[in-house]
Structures are given as C-alpha cells and as structure tokens.
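Both complexes shown next keep subunit A, but they swap its partner, so subunit B is in the first and subunit C is in the second.
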Partner chain A sequence: MRRLLSDAGSDDGTPVTTAVSPAGVAFDPAGPWQRARSVALRPEPFGALVYHFGNRKLSFLKSKTLVAVVEALAEHPSASATLVACGVTEAQRPAYEKALADLARSQMIERRTDA
Partner chain B sequence: MTALLPPRPAAPDRPVGGRLIDQFEYGLDAPICLTWELTYACNLACAHCLSSSGRRDPNELSTAEAEAVIDELQRMQVFYVNVGGGEPTVRPDFWHLLDYAIGHDVGVKFSTNGIKLDKTRAAQLARTDYVDVQISLDGATAEVNDRVRGTGSYATAVRALENLAEAGMKDFKVSVVVTRENAGQLDEFKALTDSFGAQLRITRLRPSGRGADVWDELHPTMAQQKDLYNWLLANGDGVLTGDSFFHLSAFGEALPGLNLCGAGRVVCLIDPVGDVYACPFAIHENFLAGNVRDEGGFQRVWQSSELFADLRNPQTGGACTKCAHFDACRGGCMAAKFFTGLPLDGPDPECVQGYGESALAARDLELVTPRSHIDHSHSGPVRGQPTLLGIPSIPAKICDESPLAGLQLS
Partner chain C sequence: MPETHTDVDAAPAPAAEETLVEESLVEEVSIDGMCGVY
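Moving on to the complex of A and B:
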C-alpha cells in the first residue's frame, strides 16, 4: 500500500493500488471542487469507501479528516479554503493536496462549474 | 459453536491511520463486495466445484426474499456483488434479479458456464451498464477443460464468449481456476481471452466442496506455483486475480492487490438458502455466521455475528507469525488450511516456503479432514460428466453413509 491517504481499488472487489484512470482532470487547489455527482461515499471506521458508479472504481479515504474535506468541498470557493476550514495544518497540506489530486485523477472529485 | 481460532490475547483496539491492510484486519461496517450464490442448481458437475453444486435446494430464497436482500445491500451501500452458484442463470428469475439489483445501485458481476448466453441474452447484456460477466473455463483447450468441467463445457463456454464479443459486450471476463493440468496454459488463456477482446481472470483452486476430493491431484506443484508467481509479476497488470494468490507473495515481491484473508472482514458469502458464510470457499458450519432470513437480516449478521467478530482481529500467535515472510502472505488462505486439516494459525498447505508440505506430511494418519455437510451434488450420472475421476462407476449403494464411499484416496 503505497499511497498515503487514498487508495484506488480494482473492479475485482478488492482494494489495490493500481494506477487510477487517466481520464480525470489535473487538480488545482485554488479551484472550486466537489464530490463527483456519480460518486457515493460510505463511512467506515477508518475513513470512508468511495465508489464511482460510472467507471466502477473503488477508492478508500484513509482519514476522517479527508472524508470531511471531500464532503465539504462543495461549500467552499476552493479546495485550499476547504482544507483550512477543516482544520488541516500547514504541515499536513501537501499530503492532503496529493490525496485530492489522486481523487481528481480517478474522477472521484470534479471541478464545480458554478463558481 | 466452538471457538474457531486458537485462543488469543484480547484484540488490540483498531489503529488510527496506517496501512489499509491493517484497517481491513479489523473489518468494515459493510463488505467491500460479497459473493452471492443464487442457486445450488447446475447443469454441470465440475470435479472441483467449490460449493458441491448440482441439485436445486428446495429452501432456496424466493424472488421476494432475494429482492429484500438487494434492498438491504443498497441500504448498506454494498456497491456490487459477485453472483454465482451453481449456475445462476438457470434460476428462472435470474434476469429479473439482475435488473432489480442494477435498479437499486447494486452492480452485478456474475459467473456462468455460458449455458444460457445465447445471442439474445448477449445482446441484452451488452446494452446494460453496470453488469460484468465472467465465463468459467478451466482449460485453454477442450481436452484440458472438459476433463474437469465435463464433456461439451468448453464448446458451451466458447459459444458464449463468441456471442458476447459479437454483441459488442465490453470488459467481459474469462475466469480460470489454476490447476496442475492448466498451469502450463497461462499464455494460451491470455491469447484466447485477447482474441475475444475479453479480460483474463485467474484464481486459486481451493480444497472446498468437491474440490477437496481432487485437490491432491489438481493443486499446482511447487514448481508451477513459482512459474505462476513469475507470470503474474510479468503479466499481472492486465490480469485479474481476485487477489486470491496472495500466498505467493512469500516468494519475495508482493503481488498487486490485497495480500490478506478477507473472510468475514471485507468479504463474505450468501448462499442460495440465505446462509451467510465467512467466504465463498468456506461453506462449512464452522464458518456459518447466520442467515439473511433471521431477524435483523444480513446487516445484523455482518455487524453482530460472534464468528465475524472473532475473524476481525489480526493474527498474533502461531507458527507463521515467527516467519520472515508473514507480512507478505499473512498465513495464507483460511479455507485451504481448514479443509486440508491444518491449524488455522499455521501455514497454508501451499506455503511457498515449504512449511505447508511439512505440515501436511506431519498430519496424523488417522486425521479425518473436515467435510461440509452441505452437498448438492447430482446423485446420479450427469451427461458429459468430468472424466478426471475415471469412468464413473455404478453409484455407491444407497445405504453407504459416506459421500466418499468407493473413492480411492491416495
């Protein structure tokens, strides 16, 4: 398990760390984001399991703070603002931005068009 | 029920953070996915059938009960199920249940021998999102396949594959159980699969169900395991394994996927009569956690059964924990150990460090390996039945108590 905060899953029912779909977009922390509309989030004791109904990818959010961040993205003007609002410290920021970038690449989060 | 696992110290609390694999050892609020065998009925009589399928169980879940299970899976956010059997497509309501599941956000991947996948069904499947199909094939040639799965089963599977490919179905799978007889055909399986635009899935033979009868004869040799390991390292990216070969990680490099027994932790089995077992390879009363018909349904079984609570602990004792490779293989497959009569906290019978062979050799000669009392095998001869066990003899006398009556065990 190489990733820090999120792990992609296989379609085979079990979690793996294979490369995520290249179809997602590059992550810009200054932009507005939200949990993708076709993604469901299931709370788990360690964080959450996220599932994309479109591409059938499974991922795991490995901290409750990351779950809170993903859920709060839609309420803030940018991902950076969301991290601040969720109490992510400066020291933790790079790890969280990397996790969000992974989630963007696997289409678990998407850019909002409303802002 | 007697304690399943050897006594262990009280489980430590779930760690915060860290590796997912360590989190999974403590279980999840709902399975990541589960296997649901819809019927024990099957047109075939494969020699190694993990669920000893053949005859329909009269107590099978009704359509309404199956729908209620799907409703529950939707509530628990189990996003998809692996449907199997028996042969699931022989259930008259199979196509209805497929639609019902998809309509309730529960995706379906089903395993079939292909018997019902004519051009019409193939076209229907190709039009449906959110369904995966895997066709079982245990030989890249009819000769190898039919010896285990029965005469004509290769032709049936290939016809289904042709129909799916012709209908434009995407991402369907060819599902292979690796045996001593087909382990040398991995490249041929890959080529065959590629020729249909399908994806190859290979999984491990377990001594479960009728598999116990043929395991000694069919499980890959140590040399074949090593070849398989190297093949997976070279080809693993394009091949699915259901993460079933994690015991091979003890050869050195970890294989991609979850290198952990997920039984009762992240997976389980619902059998055709609604019984919930820790995993599809563990249909035995020792691994029975409850029934979906019980009060509280599947959710209560998953979240409250004592058996599953017992399984949701890291293994802290036993011979394997002292092995340098323990972190790689985690002691291997629980079902493989159980049905070969090995202790659950000891080595896997196919331990690649050789400890399994020693443990098997050290078994008490008087040892009777555990057998499931669940057996739906056809009671009479089946058309085209596998020849692996030799030419079928006249059925044993009806008063013979043992299902092994007349079988020569080496």
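Moving on to the complex of A and C:
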C-alpha cells in the first residue's frame, strides 16, 4: 500500500496529474471493461474479496452493488452502461467510478479489446 | 427504585448504501510479508 501511494507522485515530489499509474491503465468510464482474467472473486457478506494471481494483490469490494458491477462489466459496452444497468444512481456514480479506477490501477479490471 | 431511561431518542440510522458511498468502496490490502499464511 505504501508503495502504491508513493507511485502517485514523481520522485521529486511533483504531483502526477494524469490518471495513468505505472501499475495499471487509465480508467475511462466510456470504454469497455471486464474483470481481469487473472482475478478470482469470492463473494463475502460485506461484498467480495478479489485476488489477482499475477501481482498477488488482494482487495475488498465493500458493496454488493460494486460486486455486481464488476461481474457485469463484460456484458455491457462501457463501464458507464454497466453502472446504469446495475442501478447506480447519479449521486453514487462518482464513488463507483473512483472504485473502478482504483480497480483498474491495481489491474483487477482490464479494458476489453474485443469491443 | 431503579431509574429507567426510556426517553432516549434513537436517531434514525442512515441508509447503509449512503454510508458506503461516502467511504471508499474498495480497500486494497497488501499480503506481502505474510509468510506462512499462504
């Protein structure tokens, strides 16, 4: 976690202004996404655990709606469409887009190339 | 005579989803260094 936080800035302390991080790719809500193929998702009472077998990162998804979103990403043309389909309201949307951006950065979700 | 407290107003609990949305929906945990755990 400490390393991830330090990745958010450059070595000289200058803040990085782009959403791209060294670990993952920039999250574009208008693009097609899917749960990464190297990721296992285990449902839990609070939401789900996701584990990436490649980078060995573990994350908690702390909302069952977010779990549904991650599972449904592959069925929709964009992440935005997935959020709508899963009933995420406009008020909730920023938090869910941030969550998906976090998951993209840690490579838990990946951009689809077949759309 | 034992004193009873029946006049305490219970504040309505906020909707669970609202509470969740205010905090991060994703929490990353590092498992590096958990030797012997996995």
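Annotations for the structure displayed:
In this section, the second predicted complex is superposed on the first by the 93 of 115 C-alpha atoms of A that agree within 3 Å, B and C clash if a C-alpha of one lies under 4 Å from a C-alpha of the other, contacts with A are read in each partner's own complex, and residues count from 1 in each chain.
Note that in this section a contact is a pair of C-beta atoms (placed from the backbone, for glycine too) under 8 Å apart; a residue touches a chain by one contact, two chains touch by 3 or more.
These figures come from a predicted structure and were not determined experimentally.
Within the superposed three-chain model, A:102 lies in touch with subunit C and out of touch with subunit B [touch as defined at top]. Once chain A of one complex is fitted onto chain A of the other, the partner contacts of A:59 are limited to subunit C, with no touch recorded for subunit B.
In the superposition on chain A, A:75 contacts neither subunit B nor subunit C.
When the shared chain is aligned, subunit B comes close enough to touch A:45, but subunit C does not.
Under the contact criterion defined above, the residues of subunit A that touch both subunit B in one complex and subunit C in the other are 1, 56, 58, 60, 62-63.
Only residues 1, 7, 9-18, 40, 42-46, 49, 51, 53, 56, 58, 60, 62-63 of subunit A touch subunit B when the two sit together in their complex.
Partner subunit A is touched in their complex by these residues of subunit B: 14, 16-17, 19-21, 23-24, 26, 28-30, 32-33, 77, 79-80, 82, 105, 107, 109, 130, 132, 201, 237, 240-243, 256-258, 262, 266-267. Residues 1, 4, 56-63, 65-66, 91-92, 95-96, 98-99, 102-103, 106 of subunit A touch subunit C in their complex. Within the complex formed with subunit A, the residues of subunit C that make contact are 17, 20-32.
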